[in-house]
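Two complexes follow with chain A in common, the first pairing it with chain B and the second with chain C.
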Partner chain A sequence: MTSIILLSVLGIINLFLGFLKSKRILLPLVMLFLAVVFGVNLLDWNNTQTYFSNMLTIDNYAVAFTGIMTLTTLLILPFSQNYIDAEDENLAEYYSILLFSLVGAIMMVAFENMIMLFIGVEIVSIAMYVLAGSNKHSLRSNEAALKYFLMGSFFTGVMLFGIVLLYGATGTFDITEIGAAQVGADGTTNTMFVMGLLITIIGISFKISAAPFHFWAPDVYEGTPTLFTTFMATVVKTAGVAAFYKLMAGAFDASLASWFPTMIAITVLTLVVGNIGAVMQPSVKRMLAYSSISHAGYLLMTLVSFNDFSENALFFYSLSYALASVASFGVLKLVEEERGGNHSFAAFNGLGKTNPLLAFVMTVSMLSLGGIPLTAGFFGKFFVFSSVIAAGNLVWLVALAVVLAAIGIYYYFKVVIAMYLQPAGENTKVSASGFAIAVLVICTVLTILFGLAPGLVSHML
Partner chain B sequence: MNQIPEIIRTIPLEYYLFFSTALFVIGIIGVLTRRNAIIIFMCVELMLNAVNILLVALSAYRSDPNGQIFVFFIMAVAAAEVCVGLAIIVMIYRNIRSTDVHLLNHLKW
Partner chain C sequence: MITALLLFWPALAALLVLLIKGQGAKKVAFVAALIEFAIALVATLGFDSASGSTQYELNTPWVASAGIGFHIGMDGISLLMVLLTTFLVPLIILSAFKHDYKNPNTFYALILFMQTGLIGVFVALDAFLFYFFWEVALIPIYFIAAIWGGANRIRVTIKFFVYTIFGSLFMLAAFVYLYFQTGATQLAAHSSDVQAFYQLALSSDTQSWIFWFLFIAFAIKMPVFPFHTWQPDTYTESPTQATMLLSGIMLKMGIYGVLRWLLPVVPLGVSQWDELVLILSIIGIIYGSIIAIRQHDLKRLVAYSSIAHVGLISAGIFTLNEQGLQGGVIQMLSHGINVVGLFFIIDIIFSRTNTREITSLGGITQNAKVLSIFFMILMMGSIALPLTNGFIGEFLLLMGVYKYNAWFGAVAGLTIILAAVYMLRMFQGVMFGTKSEHTNAFTDLTLNEKAVLIPLIIMVFWIGLFPNTFLSISEPAVGNLLSIINR
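Up next is the complex of A and B:
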């Protein structure tokens, strides 16, 4: 809770810091802010409280996911070097929007009331519409912003309609009360309730880019400036999936029968579309966009088979995915800047010779995303799959996911092959600031650390 | 002011349900078929307002103020969305001198 207030206030302070002549001081200050928020957030650990007459609950689940999201934002910020160097960029505004959207993301993982879920989703989404179009003179960025905005507000309307139908069926917005009212006295579920539930599922599926509502994601991820794509692929997705899990597994567990077929269909489609789609992509950025769709599918697997361990599996998977994504998008951003906006596979040719460190970081994060042992990604997949198997009767889903993960290794290795086996040609050495290198090394070290000792964080919740 | 819920309740709840569903579907059809970004945006607003009508009706029928409070939240958020959305549309108009969404096809797979 303190983290929400602190982030809002710090965001406003940060806007005023934009008046300062020197832009160099902004980045260290914002990182300091986020570090403070990260620490303050941890103070709520094991201290469950509700706020605003039961609108928000800060429990361990919320604290853990807030921790991931704050840490991820902290790790993303150092890649904003090109905005610091450019004269006419509105750096303070971008940082503030990121801080404000983090407030929305925290609301999404701590909501106890549908109103808070809606407000959280909207705070995150509206901030992302702005950032998607932040490169005003690029037609691609414009198009990404318009696509994201029109489809996002459309699906916001859809989600709202679902929430209202749930309200009509149960007479309350409180998720615990909706959960208590979902099954009638005669053991059947109200038709209006089921309709509302399914429509709400559609709305949230869009926000986490689950198939068949994923069509916007590759285009928007490609057109958005890479710094903000990283934020979308990590923080926004983590918040969306955590909110989805809290809603379905936490509140609507009693009416499982009415939403289970839909969720299974969405999960399977997301896994298939994400992995098969990524194989065919010509550029690394689009490949990573499709891979983020497929990772949404793996995350959703915890949701259809929720049991005592799923929260931990979800947490560990989100953490490993966030670390690997920050590293891979970070390297992509540095390479892309050096090559004049080219983010095809050819841009990575010979990176192993020109920049051994960047190539190593990229390799580790690709291995982690692909789920190769000794990286955090392997244990992420391991925990998710074992929690699904523990639920029984869904072994076929795990088998399908394992096959698709094997396909995933193919497209992740396309990058590795380009870096180490292709000649550099005209590709020159990529320059990187010390801050960015430090973040990449931290991500890589954490990825390997959690791959060697997953027990450090895997049983916290 | 006290009679307003009673006035609302003079019409059966099903009528509100059908009316707002119809409005909502009109909005969906508009979003799917129109080409002008501003018209699409208007259709999205129509969907949000269909939701608002339904919320008010349900709230009056259940004598529960929560639904009406939610309407205020939706209005505030919709206003924020209008700000950002119109800014994006203006930005695009400055670049391509048009608001036709079919002209924006640089991102394809």
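Up next is the complex of A and C:
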């Protein structure tokens, strides 16, 4: 709870700091803020409390995911160096919006009431609409913002409609009470309840870009400035899936039969669309957009299996995915800045020769996203597959995911091949700030560390 | 402890080699690999070969909360595989001395790093640890083949990589399933230890599909027909050292996987499918041999001959009798030695003449007496002539297959005749006849080349004349294995 208050206050203070002459101080300051929030958040570990007449619960689940999201934001920020160098006049606003949207993300993992979920989702979404269009002079960025906003607000409406139907069926917004009221005295589930449930699922599926509600994602990811794409692909996705899991496992476990087929269909479609779609993409950025759809699919696998293992699997997968994504989007951002906005595979040609360190970081994150041992991504996939197999009757889903993961290796390796096996040609050395290098190294070290000793964080929940 | 030393020393040495600039890297790498071989010899001397149990064991928790252990150790089969690996790697490094590969430090570091993966596969006694090293061995070889390979390397290596990953992910899924069958429902009660897997008593139907999940992974690695399509291209396009690593050691990972993780874990599954596997393996023998006869490129010829030889090993192992299994183990050593020697000789010929086409070569015997003798000995080993290493392995294997089914034995026996056809045809075309424009100025072996080939030649005769040195090491372990399978 302290983290929510702290982030809101610090966000406002940061807005005022924007009036300062020198913007250089902003980045270290915001990073300091986030480090403080990260520490304060951990104080709530093993100290479950509810707030606002049972609107929010800060339990270990919330603390763990808040930890991932704060850490991710902290790691993303140093890549804003080019905004600082360009003396962007809106820099303070960008930082503040990120902080505010983090508040929404925390509410999404801590909600105890559908209203809170809705407010959390909206805080995050509105912040993202703004950031998607933050590159005002770029047509693509404007397109991304508009597309995201139109589609996003429509699906917000859909989700709200679902919540209202649930309210109509049960007379409450509280998820525990909804959970208690979902099955009537005669053992059947009310039709209005099922409708509300399915419509809510559709609303949230859109937010985490699960197929078939994913069509906005590749265009929006591509058009949005890469800094904020990273945030969307990591923090927003983590928050969305964690909220989704909490909702389904926490509230709707008893009416499993009525939503299970839908969830399975969404999961399978997301896996297939993400992995097959990524194969054909001409640019690394779009490939990563599709790959993030596919990872939403792997994350959703914990949701259809849900059992004793899935919470931890979800946590570990989110963490490994966030680390690898920050590193890969980070390298992508540095490369595309050097190449005048070119984020095709060719832009990575010869990176292994010009920038061995960046190429190594990118390789490790590609291996991690692909789920190869020595990296955290392997154990992420391992724990997710474990949780699904432990569910008993879903071995076929794992078999499908395995085939698709092998396809995944193919498109991740396209980047590796470009970096190491293609001649550099006219590609010059990519310059990177010390801050950015430090973040990339931290992400890589953590990815390998969790790949060798996953036990450090794998069974905390 | 010595197992852990064997496992981590190459990785440490790889980091060291990475720091050395210039061509000095290869010397350091060679010394490191020799030290590794010395460690393996020390382990062999202290090994109680009368016992079939696991020795030099180390078992500490790895992911403790999930019951996954860092469990390593060696029985006779593992020890022989470790010996093969540690014996071949220094020779492979030495064989690269005459090439000036660009970025030598990375090249040699990757070889040593791969050695850790290979040793890890052979000593791992925990399913997930095994899987871990299985993939760890794959990453360096991909980069070696892809960075230093031939013209089509990019297309070929990605096919190889995706193909093998595809197989091994199925193995992972099977391991996860088996893991959940161990112990009670609580998380900590599960175990991925090899002994826990051996004690599973699964229903016949379950074992049936698990068999395929595991078999696909191993079959792709070996490769068994029809999972072999990645192999000839990859062998041909890779630099010689990568080809040696792949054919000499890495394909043994697949066979070893069958011995350790397939036969004893799902014996009922094996008994449902062994006949099919034997048929596939025997098809592989005939198919590989016939295609080898038609090849003009030396490297491709040996690549296809390798499919044939591995087919026989796989057939012998799935007979599940002592001759077949013992033959399989000894033939893994022999095949590793012969194929590495043959690929090295092809590399020597290629580096002198710039061609691997049989038709463009000829008359090399006139200039290079020593090379001819060495080539002939390795070829005899491959054909399995008595007194050479190939004879012992193939004799035992064929005996095993014959005991299983006389007809299978008869068809599989064709391997010796067919091997003679393609090997002699190759030898004749390359070494005899008139000199061509490419072979006019052929020079005999250099000191470095002799240093690689002589140890291999010694091993050809050692295994051929005194096979008991090696058979006695694996015998108790094989007996142990059989008793688990027939339980």
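In the analysis below, the second predicted complex is superposed on the first by the 459 of 461 C-alpha atoms of A that agree within 3 Å, B and C clash if a C-alpha of one lies under 4 Å from a C-alpha of the other, contacts with A are read in each partner's own complex, and residues count from 1 in each chain.
We take it that a contact is a pair of C-beta atoms (placed from the backbone, for glycine too) under 8 Å apart; a residue touches a chain by one contact, two chains touch by 3 or more.
These numbers were taken from a predicted model, which means no experiment stands behind them.
> Which partner does A:385 contact after superposing on A: first (chain B), second (chain C), both, neither?
Second partner only, chain C.
> Considering only touches as defined above, state whether A:402 meets chain B (first), chain C (second), both or neither.
second
> State whether A:38 touches chain B only (first), chain C only (second), both chains, or neither.
It touches nothing on chain B or chain C.
> In the overlaid three-chain picture, which partner chain does A:372 touch, first (chain B) or second (chain C), both, or neither?
Touch status of A:372: second partner only.
> Where does A:51 make contact in the superposed view: on chain B (first), on chain C (second), on both, or on neither?
neither
> Is A:410 touching the first partner chain B, the second partner chain C, both, or neither of them?
After superposition on chain A, A:410 lies in contact with chain C alone.
> Regarding the shared-chain residue A:455, is it in contact with chain B (first), chain C (second), both, or neither?
second
> Taking the superposition as given, does A:435 touch the first partner, chain B, the second, chain C, both, or neither?
neither
> More residues of chain A are touched by which chain, chain B or chain C?
After superposition, B is the partner touching more of chain A.
> Check chain A for residues that touch chain B in one structure and chain C in the other, and list them.
Looking at chain A, the two contact sets are disjoint.
> Taking the touch rule as given, give the residues of chain C at its contact with chain A in the complex, in rising order.
For chain C paired with chain A, touching residues are 61-66, 128, 131-133, 135-136, 139, 143, 146-147, 153-154, 158, 161-162, 165-166, 169-170, 172-173, 176-177, 179-180, 187.
> Spell out the residues on chain A that touch chain C in their complex, using ranges where they run on.
Result: residues 308-309, 367, 372-374, 378-379, 382, 385-386, 389-390, 395, 398-399, 402-403, 405-407, 409-410, 413, 417, 420-421, 453-455, 458-459 of chain A touch chain C.
> Across the complex, what residues on chain B touch chain A?
Listed in rising order, the residues of chain B that touch chain A are 17, 24, 27-28, 31, 37, 40-41, 44, 47-48, 50-51, 54-55, 58, 62, 64, 66-67, 69-70, 73-74, 77, 80-81, 84-85, 87-89, 91-92, 95-96, 101, 104-109.
> Using the touch definition from the top, list the residues of chain A that touch chain B in their complex.
It is residues 114-115, 118-119, 122, 126, 129-130, 133, 136-137, 139-140, 142-147, 149-150, 153-154, 156-158, 160-161, 164, 167-168, 171-173, 218-219, 222-223, 277, 280-281, 286 of chain A that touch chain B.
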